[in-house]
Structure formats: C-alpha cells, structure tokens
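Quick one: structure below, then a few questions.
Think of it as A, B, C and D in the order they're written, each chain with its own count starting at 1.
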Amino acid sequence: MVALIVDVLSWALILGGGAFCVIGAVGMLRMPDVFTRMHAAGVVDTAGLGLILIGLMLQAGFTLVMVKLALILVFVLYTSPMSTHALAQSAVSTGVQPLLADGANNQKDKEDEPSKT
Amino acid sequence: MMFAAGTLAVLVSMALALARALLGPTIYDRIMAVNSFGTLTVILIAVIGFLSDRPSFLDISLVYALINFITTIAIMKFFKYNRIGRRSGEDLGGL
Amino acid sequence: MAAAAIGMIRLRNLFAVVMLSGIFSLSAAALYVVLDAVDVAFTEASVGAGIATVLMLSTLALTTTEEAIKDHRNMSALVVVLIAGAVLIYGTLDMPFYGDPMAPIHLHVAPLYLRDSIVATGVPNVVTSVLASYRGYDTLGETTVIFTAAASVMALIGRGRRKVKHGVPEGAPSHGYSSMKPHPILRVTAKLLIPAILIYAFYVQAHGDFGPGGGFQAGVIFGSTFILYALIFGVDNTRIAIRGWVRRTMMASGVLIYAGTGVAALLLGGNFLDYSALLHDPVHGQHLGIFLVELGVGVTVSGSMITIFLIFAGQDR
Amino acid sequence: MQFPGLFNYWIAIVLMMAGFYMVMAHGNLIKKIVGLNVFQVSVFVFYISMSKIKGGTAPILEPGFEVYSNPLPSVLILTAIVVGVATTALALALIVRIHDAYGTIEEDEINAQESES
C-alpha cells in the first residue's frame, strides 16, 4: 500500500518535473528577451529539477543515493540563482551598450529593447 | 517507465535549450542556454542512472551541478570584463 | 543520443564556438553515460565542461575574440573531408555491430579483467583497477605527459610580463580575472561552496575504488575549486592562497608518488609497479598500490590544472 | 539489422568530419583548436561505443549484474581526456605566444607577415 502511494507520488512528481522542464525550455525559446528568458530558465532549474529529484528520492528510499540526490538539489538551489544573478547583472551592466551604440544590430536583437528601459 | 517518460521530457527540453543556444541573439542568451543545458544534463544523468538500475552514478550529476556553476561564472566574468568598450552581441553574427 | 549528435554537427557553423563547445562536451558526457562509460563521463564532466572552456576563454581574453570575417566555404577541404568520411564509412561496414557481445574487442582481455580484477585487487571498479594496476605503465606515462604539458605552459608563457606589440589596445580595461569586489552575493556563496567542493574532491578521490571517480577526476575537481576561488577573489589572492612552490611541488610530487610506488614495489622484491609486493597480502598490496597511484595522479593533475589556469589568468597584468 | 547496427560508428565519423573540416577550412587558430577537440571527442565516442555491450552495465562490479561493458576503452579514453586537456592548454599557450609575436591569430595573416620579412 505504502509502496503504491510512493510510486504514484513519484510518477506524479517526475511527470510534473518533466512538464516543467519542457515548459521552461519552451519559454526559453519563445520569450522575447534575455531577462524574460532567464525567468523561464529559472523554472527548469527550480521546479523541473526539484520535482524530478524529489520523485527520484522517493524511488530511492533512505539510502546513500537519496543523500546524493538531496546534495544535488541543495547545490543547484544554491548555484542556479547565483549564476542567474551574475548573468543578469553582467547583462545589465554591459548589455545596455549595444543599443546605444548604433542601430547596426537592431535587426538581430531588437527584442532586447524593452529590457533597456 | 516513469523514468523513460522523464528522460523523454528532459531530452525534449535539451533540444529546445540547444535551439536557444544556436539562435540566441545576444551572448547572454547563449550563456543562459549553456547553463540550463547543464542543469538538464544533471537531471538527465540522474534519471538515466535510475533507468539503468545503477543509481550509484549520481556522482556525475553532482559534479555537473558544481562545475556548471564554475563555468557560468567564468563565462559571465569574461564577457563582463572583456566586452567593455565593444558592442556585445555583435560578433555573434556568424550564424 | 541523436539529439546530442545533431548538436555536435551544428556546432561547426557557429561563431560563439567556445560556449557551444561547452554544450558539446555536456552532451558528449551524457552520451558516455548512456554508453555505460561512467568514469569517462565523470572525467568529461569535470574536464570538458569546466577547465577546457575556462582555458579557451582565457586565451580569447588574451588574444582576440573576433574571427576575421571571410568566406569559409573551402571547397577543397570539404572534398577531402567528404572523401575521408566516405572511406571511413566504407571501413565500418566490416565492423561489429553496436552492442554485439561477440565483437572481437570483448573477447580478448576484457573478460580477464572483469573476472580477475576483483580477486586480484579487491577493487570493484574495474576501470580503476585496470587503470592503476594492469595498465600502470600507461597511466604513469600519461601522468608524466600532463606534468610535462603544464611545465611547458610554464616555460612558454609563465615567465615575465608579455609585451603587447600589436593587437589589443593598451587602453583596454583589464581582462577580467581581477577580483570581484562588487559582488557580495557571489563572494558569500563561493565561501559556502568552495569547502564543499573540496571535500567532494576528496570523496571522489577516495571513492574511486568503489564507484566512478579516481585520481584524474578528483584532481580536476580540486583544481576547479581553486579556479572558482581565483574567479571570485582574484588571481593574486589565489597566488597567495596556494603559493608557486606549492603548485610546483604538487605537480612534481604526484609523479614522484606514482613512480615511487613502483620503485618501492621493485625494492620489496616485485616488478616495477607490481603492487602485490607492497604488503604481505597481495590483494591488500594491490589495493594500497592503487590507492597510492591514484593519489599521485590526483596530486599531479590538480597541481597542473591550477598552474595552467593561473598562468593563463595572470597574463594580462 | 545490417543497416542500423553501425550507426554509432557513423555518428563518430560525422563528428570527425565536422572536426576535420573545422581544422582545415578555418584560418583562425582557436577555431582550429576547437576543431581538434571535436575530432578528439569523435575518437572518444568511437572507442566508447565499441565498448558497449547490449544489456550490459557499467563496469563497476556489483552483485546482481552479470553483463558488464568493456572496461578497457574507458580506461584509455579516461586518461586521453585529461591528457587532451593538458595538450589543449599547451596549444593555447602557443597561440598566446603567436599572438604576442604576430599580433594576430589568423593563419593567412601570419603567413603574409612571414613572407614579408
């Protein structure tokens, strides 16, 4: 009985995580500029990875594997906001220039315009 | 079965992230795509470990989680400090 | 797997090559996991995604980031490549099929390794035991190659400040491996992460006998820790944290540990690198020998990686 | 099953062709190094795919598994990767020196400077 519940739960979690991954990736492809794409990437990093890893943890039970999965989760939850933060910051501090420089690259990344306000 | 479904989802997202890395107009799009491609690889390796009944291989994804961070920081730093004075995003035109 | 391959093929048309080579190596490692080569995937994970990309970026920072725009459609090269590919594909028609257990490669020494290594060395990870024991000479040679490469990098660009004759204008701002003062968030996180990664490197080193891992991987992870430190706290601080003589001693002493293990076996009455002679019980001797050898590899690799990175990163002062 | 049985080699060969083309057709030295890396990875994939046995698992002995893939290519490739990165570092160091000496990393420009002097 417990096994069944655990199975169903991890099914749901893994499928949900997979769905979040795909949603995040689609968002990454479809969003209009860097910063909104970062939001989408954040979905993959947190919801997708988190749900899938928790689902795997349920499958693993109380073993070393579960500890490792938890470690991965903790590390990613540490590092992913960090790298997004660093990325956004450097994008802000340098990415402003291309639009001010000239209109040469407008045809390529004109989508970037809204973020520069 | 459920692991296969997870693997499939992750593979699809990897393809999408790859597309963003190939298309991405600015350099930051590419960095971001590399980063989330790395995250997806972490998931993929973890799930494949379960898929093949050898979950002791999670070490690899743990390494990825760590190394990925270092790479992103390095790339970010490089572009932040090296790009100053040049128009970033422009030299990507080769597409 | 196919997705990985497509990504790799796409790679060559692109300009932001270095970042894509990062993706390339990530997908290669995923492919290795699928193909059951977890140790290789581990190495590719720590090397390809981390160090190689960082080194490429450092070189880009030292030279130029823009390739001269010209027509790259080189017909003769394409023809040569296509002919070579066609010949190779013709050659593969005689190859054994994918996953065929009766392929010649699986019939000769591999069953011997798989059957005997657990008995002879007591190490469940066959890759480690083959690496360190059966093919010990090979690995010794490769460790020496790494040491030599790092020493050559030192000899080539390690000494003196470069004099820029042309290229990068003098007024260009520093290339970015200076310290990262205005990033409190990064600094705090790095302080939390660096010890964890170091401990993890030691775990990989010690756990290499039982799971994927070992000296090469641990060395690279250990090195990446210092790379992270250098990225966030600055190259100069890293030079203080791990002095030049420490780095050089690490590079050299790893090879010495390796060779010394072999010589010790020689002195104790075995052959060179015959670890069975190290202790009374041959299996324990093998185990100890493998441990020592992996330690040597790890020390050399980490020393070399830190040295190479610091040389590249410290160039632009 | 004649046809699909060999696709792993073909993937390696296609990769090799990509890397080879990159080495030959591009004048930029860094691009050449990246091409060499691609070439290198193609050889790795070739070896590793040969070592795979259908239904086998990674060569870390554990009770409950009978068929293991071949450990020998893993060993060779493992060391080759690390040696590869060391030699890449060496090549990059050479490129830095070349850039110091000639001010460029384009092959034809270097040749032009050579023939001038």
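As a working rule, a residue touches a chain if its C-beta (ideal position, glycine included) is under 8 Å from a C-beta of that chain, and two chains touch if they have at least 3 such contacts.
Quantities reported herein were computed from a predicted structural model and do not represent experimental measurements.
K.L.:
Based on the averaged CA atom positions, which chain is farthest from subunit C?
P.N.:
With centres defined by C-alpha atoms, farthest from subunit C sits A.
K.L.:
Please tell me the distance, in whole Å, between the geometric centres of subunit A and subunit B computed from their C-alpha atoms.
P.N.:
Whole-Å distance between the two chain centres: 10.
K.L.:
Could you please state the distance in Å, as a whole number, between where the Cα atoms of subunit B are centred and where those of subunit C are centred?
P.N.:
Spacing between the chain centres: roughly 20 Å.
K.L.:
If you average the CA atoms of subunit C and of subunit D, how far apart do the two points sit, in angstrom?
P.N.:
13
K.L.:
Using mean CA coordinates as chain centres, what's the gap between subunit A and subunit D in Å?
P.N.:
Going by mean C-alpha positions, subunit A sits 30 Å from subunit D.
K.L.:
For subunit C, write out the residues touching at least two other chains, lowest number first.
P.N.:
Touching at least two other chains: 36, 38, 58, 60, 67, 186, 193, 211-212.
K.L.:
At least two partner chains per residue is the criterion; list those residues in subunit D.
P.N.:
Residues 57-58, 60, 62 of subunit D touch two or more partner chains.
K.L.:
Quick check on subunit A: which residues sit in contact with 2+ other chains?
P.N.:
75, 79, 82, 86
K.L.:
Can you list every touching chain pair?
P.N.:
Result of the pairwise touch check is A-B, A-C, B-C, B-D, C-D.
K.L.:
Where on subunit B does subunit A make contact in their complex?
P.N.:
These residues of subunit B touch subunit A: 2-3, 5-6, 8-10, 12-17, 19-20, 23, 25-26, 28-29, 31-33, 35-36, 39-40, 42-43, 46-47, 50, 55-56, 58-59, 61-62, 65-66, 68-69, 72-73, 76-77, 79-80, 83-84, 87-90, 93.
K.L.:
Give every residue of subunit B touching subunit D within the complex, in rising order.
P.N.:
Residues 52-54, 56-57 of subunit B touch subunit D in their complex.
K.L.:
So in the complex, the part of subunit A that touches subunit C is made up of which residues?
P.N.:
For this pair, the touching residues of subunit A are 75, 78-79, 82, 85-86, 89.
K.L.:
Show me the residue ranges of subunit D that touch subunit B in the complex, using the header's touch definition.
P.N.:
It is residues 57-58, 60, 62 of subunit D that touch subunit B.
K.L.:
Hey, which residues of subunit C end up touching subunit A in the complex?
P.N.:
Touching subunit A from subunit C are residues 183, 185-186, 189, 192-193, 196.
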